[in-house]
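A short write-up of the structure that comes next.
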Amino acid sequence: MSEAFEPRIVGFLCNWCSYRAADLAGISRIKHAPNVRIIRVMCSGRVDPSFVLKALALGADGVMVAGCHPGECHYIEQNYKTIRRYGMLKHTLKAFGLEDDRVRLIWASAAEGQQLAEAIDRFVQDVRRLGPLNWPRFWNEDPARLAAVEKMAAEHAEAMEVPA
Amino acid sequence: MSKGKLAIYWAASCGGCEISILGIQEKILEVDKAFDIVLFPCGADGKVREVEKLPDKSIDLCLFNGGIRTSEQEYMARLLRAKSRVLVAFGSCAHEGCVPGLGNLHTRKEIFETNYHDSPSLDNPGGTEPHHESSVPEGTLHLPEFYDTLKTLGQTVPVDYYLPGCPPESERIWEALEAILTGQLPPPGSVIGVNTTVCDVCKRKRTEKKIKAFKRTWEVVPDEETCLLEQGLVCCGPATRAGCGALCPQVNSPCIGCYGPNGGVEDYGARLMSALASVIDSNDPEEVERIVREGLPDPVGTLYRFSLASSLLRRSSRQAEAAKA
Amino acid sequence: MKYAFYPGCSLEVNAAAYDVSVRAVARVLGVELVELDDWNCCGATEYFSQDELTACAVIARNLALVEPSMNQLTAPCAACFLNLKKVDRLMAEHPDLGGKINEALAAGGLHYDPGRVRVRHLLEVIHTDVGEEAIKAKVVRPLTGLRVAPYYGCQVVRPYKDVDDPEYPVKMDELFRWLGAEVVDYPVKSHCCGGHMTQISEPEAFELIRRLLQSALEYDTDVIACLCPMCQLNMDAYQSRVNGMFNTSFHIPVLYFTQLLGLALGVPEKDLGFGKEIVSAGPVIHAKLAAC
Amino acid sequence: MSSTTRARKREWVDEVIAETPNGHRLRHCIQCGTCGGSCPNGAEMDYTPRAVFNLIVAGQKDKVLSSNTMWQCVSCYFCTARCPHQIPITDIMYTLKRMAIREGYGRTSDAPALAKAFTHYVDKYGRSFEMGLASRYHLLNRPLAAMKMGGMGFNMFKRGRMALTPSRIRQIDQLQAIIRKARQLGGAS
Amino acid sequence: MAERVGVYVCHCGSNIAGMVDCEAVARWAKENVSDVAVSRDYKFMCSSLGQAMIEEDIRKEGLTRVVVAACSPHLHEKTFRRACSNAGLNPYLMQMCNIREHVSWVAQERDPATEKAKSLISAAVARVKRQEPLEPMKVGVNPRTLVVGGGIAGLQATLELADAGYPVVLVERSPSIGGHMAQFDKTFPTLDCSACILTPKMSEAYQHENVTLYSYAELEEVSGSVGAFKVRIRKRARSVREDLCTGCGACIEKCPRKVVDNDFEVGLGYRKAIYMPFPQAVPKIPVIDRENCTWFQRGKCRVCEKMCQPGAIDYDQQDEIIELDVGNIILATGWKLFDCRKIPQYGYGRLANVFTNMEFERLCNAAGPTSGKIVLRDGKTEPRSVAIVHCVGSRDKNHNEHCSAVCCMAALKFGHLVLEKTGAEVYSFYIDMRTNQKMYEEFYCRLLEEGMHFIRGRVAEITDAARMPGEEGKLIIQCEDTLLGRQRRIPVDMVILMGALEPQADAKELGLKCGISCSMAGWYTERHPKLDPVATMTDGVFVAGACQGAKDIPAAVAQGAAAAARVMGMITKGTVEIEPVVASIDEEGCSGCRICNNMCPYNAIEYDAGRNVSRVITALCKGCGTCVAACPAGVITGSHFNNEQIGAEIEGILWDARAAAGRGAAAAV
């Protein structure tokens, strides 16, 4: 099991509930998977869909967004906006061919250290099952392309002064 | 003052940008006064061999339109980059991939499948497909390599300026040319245009937005006064850089976003997605899901119609497609 | 209203009165019971004592046999009901176990997705789905004057607490009130009848039965209504031997609730399995119901 | 599963937990005695369920499995419904019954024999068979009690509540295939 | 010019270093993370030496940015900001990196923990380079404080503040202040009379020149923020004019309508339709219970009006809305009793002689319905045996997981009162006897001495089904005596259920109004469970008493006083600093699309129709950033959490993925 795939997951946690739930999990020494790397935002409503896209594009295998429970937002109702954006984002990501389990929205109150730890473990498990995402390779590794350009450059070499 | 050298080249594009250049009408004479055209495959004669022979940086201005889909296009991009002092990604295709970039939702294999085998208007009994290398009795022939993923010009070579639009409005082209001619240029790498969005010039009446359902254009005859988005139409105006003069909303048609993102925006589709979702009038995840599913049956085609190739994700997951097949 | 129906082994012979009365009242109330084709024994409590996975697989076979067009399964026997419900829940809550069960089912060409079938006890179906209004409208022979002690026993109300209150259930009480009976509100209505202990160790089992009959007697009961073949068997068939052991003189008939319900709905006694009980219910019923 | 502590050596309590759905809650037992107080047969048990849990945690396997406690359990589920820590007590009793049978304990009660006789008919016919059960189990295990049962059996028979022949299911092969597979899969545990 | 970043990795003793290789992380940061000028690890960064190290490096190494990898920013962000500030670096150019709570304390293995710490530091460095100097906003603190709840905790807080010379507004939901303590007879362990020690405080609060009391009133709405809250209070119509009423009680005496008192007397006694909850009520002004008043229900009567000489009865009185500015809010809303019917096997509501603890308090109280006589439900029979059942709805995952903290001692108190007043046998059925405060264990000993019986075992059921001789007509307690390991049945005449203390049913709702959260159970969440038990996550909102968790009178009083002290600190200082985390709109870029307009629940975004732009009203903005994410043109900026900063954080946090992906990813950035 030493070579088991360990997913890289970026977690956007709201300052008031879920980040504190993560703190509480720590204070209570509730062991959980180390795969979620946490970025603190003031509110889950701050989580711009582009943050999620950026994390995926930069090599994250999964993205977690966590906020206060609906109806319990520190900013009254902003996590409802999160629900709306998350709905649209998931719909779009599906069209991009992304597996459903790679992006997840969860709720955790500041008191739910245990629940957050369990949700993290579940999520990591689910992403681990999907394997690496490594999005950049979808457009990066195309040796045929490079070879063809090089070939063309070589054919035109006598006139070309293009740096290779 | 001696005349400068001008190149206008097209890659993966439709040719509309060239028409738009001609749309500057009599001002084309001013252009002619200022420049010698060294390459303009659509409008004038000119040979790649001639360009190859030019010293580096000897072309004063190159307007390059189209995305990079083949190895030949990439070669031309590199060539023209080397030979030009100022390289302009001209029009949406070069700027952000545009509609040809939507091909990134599919693999090369799928595109060939459709283009050479499945298309209803096709007559290809032998099932011929283009190949990079073909052997004929006379020797080996090469066709350009067809890429799996379309790239923008900026993703291929360093670009000095971007001129957005599908196509760029003729007035904007002239303004840009004027700026170049007079040397009044913004810092290199920037978009030549204003930093605000279509709503700024759209005359429709706007109030606070709440959307219960997204409608498609054939479903409603919009009222002429009110903001189209508020009527449920997916109008991309709020997220789209101004410059077109809000032409589409003027004729009662929602903006489709051809001018691309506003300055400083990293992912056009994400901005639009976030904004549209924010004003959905529901707090229930299931209802939200339904509104989105029913209102945006093709989310990438709607949110990224012009910008898929330059978006953060650039293309769909090939894995998923492979799984589909 | 249409339900897949799992009668269970007891209803074939020993609890035939339950079987006929269930089918009779279902007809009158417009409840369509579609008997599972080729159902097998649920294993009662015995299979779980030996091999959990096999016990679950044996039970799950029945769940898998429910036709795709149906999503509710009802069972009249408390033990069968609990076993079916428990396996559905276990499979849902413990995917690993669920996976193994399905692997076993696959050996018989079957598969079951937990949650596909909602397992209901017959009492829920009659009390909740048919409901007060429909039942009251069909009562032709109210049970006025008959003092009925509803006896729930254990496995319908526990461990899952969603059928009724696990300590102080009321649904049968309500049902008999709708039928016009005098409902005996006695404290042991969800206590244990001894279950299979009658087969293993009589002193313990008979003491449990005694407690029930004692309380029923103290509360002046004409007839005990129950909803499980095991409970009926223990309180009815062993009553004389309980009397023998404790020197008591209990003589309380024990019927299935559907028998009394059928009576109130006007089904002829002979179609309800009356007379199969060891402690005869005829005399007290005729005396009480004739009096009004 | 999140845990606040690192892995420990596997003990008997871990086996009991592993064999019982939601068995981990056994560790939450606060020894309040609600189970022992609630049990209809609690007075007859060698150890109350509460005491059994303490013995399990203390690793007193032999004491537990040779006791009569689990065999006195009639699956009334009062303890499970009332347990303030939602411990699946009845299911733990089932686990102990299985362990006792498997490891050759359980001679203190007739319950294992009853269970075996019962499942024998289920395996064979797909249905239970009361008459067969009566003869097989009672005559073999409790000839004296069987005599006393006689009169009652006759009463039952008279009222058509006993059958002389078993009922069988049609697709017994299918059921047996399932049982075989389940036994094989369960073999590891 | 490139920034010079200092990275400081804290060992936190072995708290972090035990799981994260701090030295290696610090070395790695210096060698691998760009623009890191200094990188050090140290035993305790929060110590004065640790802070001095940062200050010195800022001065000597010319650091322009600081990253501290230590605990949660919720713990020490202020500490390290101050250190930066001391050395002349803008405090907002410091970023904390949580490698304790989020890494070392939750990780199981050292290598992954160390790797995770690296990625968090990489993110923090990337982010801090893009952080901008900010100045906190200063807001004056209104010296007036709102206290919600007039029980003992709220009263204590009120009096502490008022005595210190600050104005207090005390809002109480019921017609009188006093809370649950007013219902008690004696208080443990000293057995002094509850009313004797409480009522002086009640009248003192009422008469205090600095206290404005709104009884029969509720907090409806809170807006604004620390130092300058605006609150709206609904003062419900008493139907009695407070300015005219003399509290003579003639109206009550003559009122013909008698009602079961389900509040103060918990159903054991009666009151009139016009009533004061109890004789020592404060304010001493009756209220008409309109639901039960003959005039309101049937349009006849008006006896009270006739009896009232000052003419204080006002049937047309309406609810009054009061709007006030306050600087701080103390919530002291107390607890409610568990509904013992939820445990049917204990028979409450079915078996007459099963009582709740609150019922028994009233039964013992000399001013109660039986004048302090302990009798059965029939009102006359004295019990010869009494069972006291602990943990009814407490320590029970089916209801409340928590220990209610007061029941053991209250049970001992009850035992004493029964023994003192009746000579009955008293049995206590307990799981664990918890007597861990001053003089509590001594009280337990006293009851052992007095002959109270203690049976260790949670009661399984209480029944009237007699099983053996001696049980007839009794309530039988069935349990396991766990110390004997045997089942027991004990017949008694009377049972007292020690019902759990639960959060108020609307605690969550009130918490939301004030912007504070509740635990899963519904208790208000304090800022830190050990070190900051009275403050909350929302500045300027404090909690006191049982609304924060079940507690007894001494603890509630202490917390009330502590909350008051915290508020006084704020008032004395005069101003508070507010985090400059706010949104702003670039009006040049704004096209006036108005998407953001209904994003803000605080109405901090206004639309200027003339200029066709939207604008953020900074004073109202709370900095959540929801509008920032909504802006389609990307022209709203959220300070300290802007797109560049978070974008850099994402890049940094995935440094290893980028390293692995190579060129393609580099091109994407």
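Going in written order, the chains are labelled A, B, C, D and E, and every chain counts its residues from 1.
Just so we're on the same page, a contact is a pair of C-beta atoms (placed from the backbone, for glycine too) under 8 Å apart; a residue touches a chain by one contact, two chains touch by 3 or more.
Source: prediction; values computed, not measured.
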{"item": "Shortest path length from chain B to chain D (each step joins two touching chains)", "value": "2"}
{"item": "Steps needed, at fewest, to go from chain C to chain E via touching chains", "value": "1"}
{"item": "Those chains which touch chain E and also touch chain B", "value": "A"}
{"item": "Maximum centroid distance from chain C, chain identifier (CA atoms)", "value": "B"}
{"item": "Between D-E and C-D, the pair joined by more C-beta contacts", "value": "C-D"}
{"item": "Between chain D and chain A, distance of the C-alpha-averaged centres to the nearest whole Å", "value": "48"}
{"item": "Chain A and chain E: spacing of chain centres that average the CA atoms, whole Å", "value": "34"}
{"item": "Rounded Å distance, chain A centre to chain B centre (Cα mean)", "value": "28"}
{"item": "Sequence positions of chain A contacting 2 or more other chains", "value": "29-32, 48-50, 54, 57, 77, 81, 85, 117, 139"}
{"item": "Multi-partner residues of chain D (each touching 2 or more other chains)", "value": "6, 78, 82"}
{"item": "Residues of chain C touching at least two other chains", "value": "167"}
{"item": "Touching residues on chain A, where the partner in the complex is chain E", "value": "6, 8, 10, 16-17, 19-20, 22-23, 25-27, 29-32, 34, 37-43, 45-51, 54-55, 57-60, 68, 71-72, 74-78, 81, 85, 109-112, 117, 134, 136-137, 139-141"}
{"item": "Chain E-touching residues of chain B, taken from the complex the two chains share", "value": "155, 195-200, 206-210, 227, 229, 237-239, 242, 261-266, 271-272, 274-275, 278-279, 312, 314"}
{"item": "Interface residues, chain B side, partner chain A - complex", "value": "48-49, 52-53, 55-56, 71-72, 74-75, 78-79, 81-82, 104-105, 132, 142, 144-145, 147-149, 151, 266-267, 269-271, 273-274, 276-278, 280, 282-285, 288-289, 291-293, 296, 298-300, 303, 311-321"}
{"item": "Parts of chain E lying in touch with chain C, wherever the complex brings them together", "value": "343-345, 350, 461, 463-465, 467"}
{"item": "In the complex, chain A residues that touch chain B", "value": "48-50, 53-54, 56-57, 70, 77, 80-81, 83-92, 95-99, 133, 135, 138-139, 142, 144-145, 147-149, 151-153, 156, 159-163"}
